[in-house]
Amino acid sequence: MDLTEALPLGELAAAFAALPVFPLFDTAYFIISILYLKYEPGAVEMSRKSPFASWLCAMLHCFGSYILADLLLGEAPIGYFSHNSSVILATAVWYLMFFCPMNLFYKCVSFLPLKLVFVAMKEVVRVRKIAAGVHHAHHLYHHGWFVMMATGWVKGSGVALMSNFEQLLRGVWKPETNEILHMSFPTKASLYGTVLFTLQQTHWLPISEANLIFFFTMFMIVCKVFMTATHSHASPFAPLENLICPVLFGSVSSGHPGHHHDHHGASHEVSHPPPPPPAKSKEELNEGTRKRKAKKAE
Amino acid sequence: MDLTEALPLGELAAAFAALPVFPLFDTAYFIISILYLKYEPGAVEMSRKSPFASWLCAMLHCFGSYILADLLLGEAPIGYFSHNSSVILATAVWYLMFFCPMNLFYKCVSFLPLKLVFVAMKEVVRVRKIAAGVHHAHHLYHHGWFVMMATGWVKGSGVALMSNFEQLLRGVWKPETNEILHMSFPTKASLYGTVLFTLQQTHWLPISEANLIFFFTMFMIVCKVFMTATHSHASPFAPLENLICPVLFGSVSSGHPGHHHDHHGASHEVSHPPPPPPAKSKEELNEGTRKRKAKKAE
Amino acid sequence: MDLTEALPLGELAAAFAALPVFPLFDTAYFIISILYLKYEPGAVEMSRKSPFASWLCAMLHCFGSYILADLLLGEAPIGYFSHNSSVILATAVWYLMFFCPMNLFYKCVSFLPLKLVFVAMKEVVRVRKIAAGVHHAHHLYHHGWFVMMATGWVKGSGVALMSNFEQLLRGVWKPETNEILHMSFPTKASLYGTVLFTLQQTHWLPISEANLIFFFTMFMIVCKVFMTATHSHASPFAPLENLICPVLFGSVSSGHPGHHHDHHGASHEVSHPPPPPPAKSKEELNEGTRKRKAKKAE
C-alpha cells in the first residue's frame, strides 16, 4: 500500500478509475476523433462522393486502437464491432458531423470551451485504454513485457499508428513519413505511458493502478488542453529527451538533424528528404490549416 | 413459413441452395477470376518472368474471399489452403490459362456463350459465400450485426477489396483509388446482399435462407450476364441510389460531384484528382482494353 | 531407417539438429540481419533521428520470420516478443551496431573471416526455422501441404518477404519490386527448402528430419559463405531452372525476358519497367554499395 492510498486522493483515484467510459466519455472520444477526420483535406468531399468510405474512415478513427490491439494479439480485428451500441453511437456522431443541416453539430463541437471539455474527456478514454491494453496482454503473457508495452501503446495511439493505411483508404499516399518515424505528442505520450503501466503491472513501480491512471490522465489532460487551446507544438517531453538522447543515441531525437558519428565504410546516403520540424499531431496540423482557411474566408 | 415455401419454388430454392459448389461451380469461379487476372496489363509477361508471383496472384484471385474473412475473424488466413483439392484445381486452371499450347484454353473460355455460363456459375458461388460468411459470423457473434455484414461482404467481394495489395504483388501501385472509394458493381452488390442476408439471419427479413439465396443469385446472374454480354457499365442500383443518397448524404454518390454544403471553417481542399465516372469493375475495364487491342490487331 | 543413419553421419546429423540455437546462433543471426539493415541508405541517420523506429526495424529484421508465420497461422504476431531474453539480446546487438563508440562493434563484425562465420551460423538458424515452421504447420493441418510449405517458406525468408513494408517504416517506398516478383537467393532457397521439408514431413522423401536439416544447412552454408566472400550473384539454382522453366513456363524465369506466346486479344501492355538482372539479395546490393563508398573514401 503506497502513501497516496492513505489520503482521500486514493479514494478519488479509485473512483475515477472505476468511472464508466460508455457512453459519455466514449462519445467525446468519437467527437474529437471524427472532428479531426473532418479537418483532413478532401474528407468532406469524400463524405459526399463515397459516404461508405467516409464512414469506414470514421470507424477506423474511433476504433483503431481496438483493431490494432486485436491484430497484435491474434484476436479478431473486427471483434469490437460486435459492440453494436458503440458502433451505432460512432455512426451517429459521424453522420451529425458531416451531414447535420447548416453544419450545426460541427459548429457546436468546435466552440473552443466545449471542444476543450471533449479533448479532456478523450484523454480519459485514452489512458484507460492503455491501462486495459497492458492488463489484457498481461493476462495472456504473464511475463511478456514487450507484449504488454506494445499492446498498451497501440491502444493509446489508435488510428495514428495506421495513418498510412487510413490515408490510403481516402486515396492519399504519403510514404515519406509515418507516426513511428515522426511521433506526434499523443503517440509519444502513449509510448511513455505504456512503459509506466507495464512497470506498474509487473510491480516494478510502487503505485496502484488506480493512482497511476489518475495521475497520468491529469498529466495528459493538462498537456492536451493547453496544446489545443494555444495551438502550441512544444512537446513537454523535449527537456527530458534533450538530456537523455544525446547521451544514449548521440544526438537530439525527434527530427533534429544532430551531429552523428562518421561510420567508416557505412552508407552515408539519405534516402528521404530533410527532417521536418518536431512532429505536429494530425490534429495540430489540421487545426492550423483550418484557422488559416477561416481567416481567408473572413 | 413464408408464401414461397408453399409453392414448388420453395423446393426448387432449397434444392438450389443445397447444390454442391465443388468442383463445377468452383472451377467456373476460378476460370473467370483468373481470366480477368490475365487481362491485367503485364500479367502475361509476369507469368513468364515470375511464374511463382503469377501463381500467387491467381491464388489471391481465387481465394481472396476466404483470406479476408479469416483475417477479419482472427482465424488463420492460410487456413483455406489446407483444402488441397481446391488449391490444385485452381493451380490447374492458372496453368492452363497462361501456359496452354496455342493458348487454346483461353480461347475456349473466352468464347462468349461459354463465358456467360461461367459468369453465371461464378455468381452462384459468390452468393453462397456471402450467405456462408454471414452464417459463420453469426455463429461466432450471435448479435454482432456489423460483424456479420462485414464478413459476408468480404466473402462476396473477394480479392477486389485487397486490389491495392494484389497489384503491389504485381509491382503496380495505384493509391489514388481503391474498391471502397470507388465501388464496382460486384462489390456494391455484395454489400447490399450481405445486409439482406444479415437481416434474414437475425429474423428481421421474413424469408428463408434458401429462398434469399435463390432470388439474390438470380438477380446477380441476370445483372452480370447482361453487363458482360453488352459491356454495359450502368449500375442497376443507380435509380435507387439517386433517390436515396441526395436525401441522406446531400448529393448523388458514386463519383458524381454534387452540390455540398459550405462548411464554415472546414477545409475545402481536395487532395485527389477530379472524380472518375461510375466505377467500372476491373473486369469491365479489362474487357474494354482487350476489345480495343483485338480491334487494333485486326 | 535410411542409409545415412547406419553411418556415424547419422549421429552427427542428429547431434547437429539438436544443437541449441540460443544464444550463440541466434546472436549471429541478429548480427548479420542488423548489419545488413545498417547498410541500407539512411539507416544510420534514422538511428540518430528516430531511434525507436530504427529499433523497430531491427526487430523486424530479427524476428520477421516469427511475425509472418504467426500472421499466416492466425496466431499472435507479437507472440514471439514474449521471449524477453531474445528481444533484449537483439536490442543489445542493435545498440552496439549503431551506437558503439568509434563504431568498434561494426568494424569487428565486418572483419571478413569473422563475418563469414556469422553468415554460416545464420544459415544454421534459417534452416532450423524452416524445419520448425513445417513441423508446426503439420501439427495444425495434418494434410495441409500448401500450409506447411507456406509456413516453412516465411520462416526461412523472414523480413525479406515484407520488405516493402519494412522500407515503408523507414520512409522508403519502392512498389515496382518485391521479394516475390524478384526473388533473391535466400528467399528462393527457403522456397525450395520448404518443399523438401514438407515432402520429408509427409513421408514422400525417404530421409530423416535430422539428416535433411544437416545436408540442407551444409548446402546453404557453402553457398552463402561463397557468395558473401566473392560478392558473386550467380544463383546455384540457375542451371536447374534454365533446364526446367523453359519447358514448364515457356521461358527462363528470374528476370530474363524470354519469348512468350502471342495471346490473341490479351493485353500486351507492360505496366512495369524493363526487367532487372537476376535479383541480388538486399545483402548483396548493400555490400556492393558499401564497398564502392569505402573505395571512394580511400
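Per-chain numbering from 1; labels A, B and C assigned in written order.
Note that a residue touches a chain if its C-beta (ideal position, glycine included) is under 8 Å from a C-beta of that chain, and two chains touch if they have at least 3 such contacts.
Just so it is clear, the structure is predicted and the values come from calculations on it, not from any experiment.
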The angle in degrees, nearest 5, through which chain B must rotate for its Cα atoms to match chain C is 120
Look at both sides of the chain A and chain C contact and report whether the same residue positions are involved, with over half shared, or different ones. different
The distance between the C-alpha centres of chain A and chain C, rounded to whole Å, is 35
Could you list which residues of chain C touch at least two other chains? 74-75
Sites on chain C touched by chain B in the complex: 71-75, 140-141, 143-147, 150-151, 164, 175-178, 180-183, 191, 245, 248-251, 253-258, 260-261, 263-272, 275
Listed in rising order, the residues of chain A that touch chain B in the complex are 38-53, 56, 70, 74-79, 81-82, 84, 87, 99, 102-103, 106-107, 110, 168-173, 286, 289-290, 293-294, 297
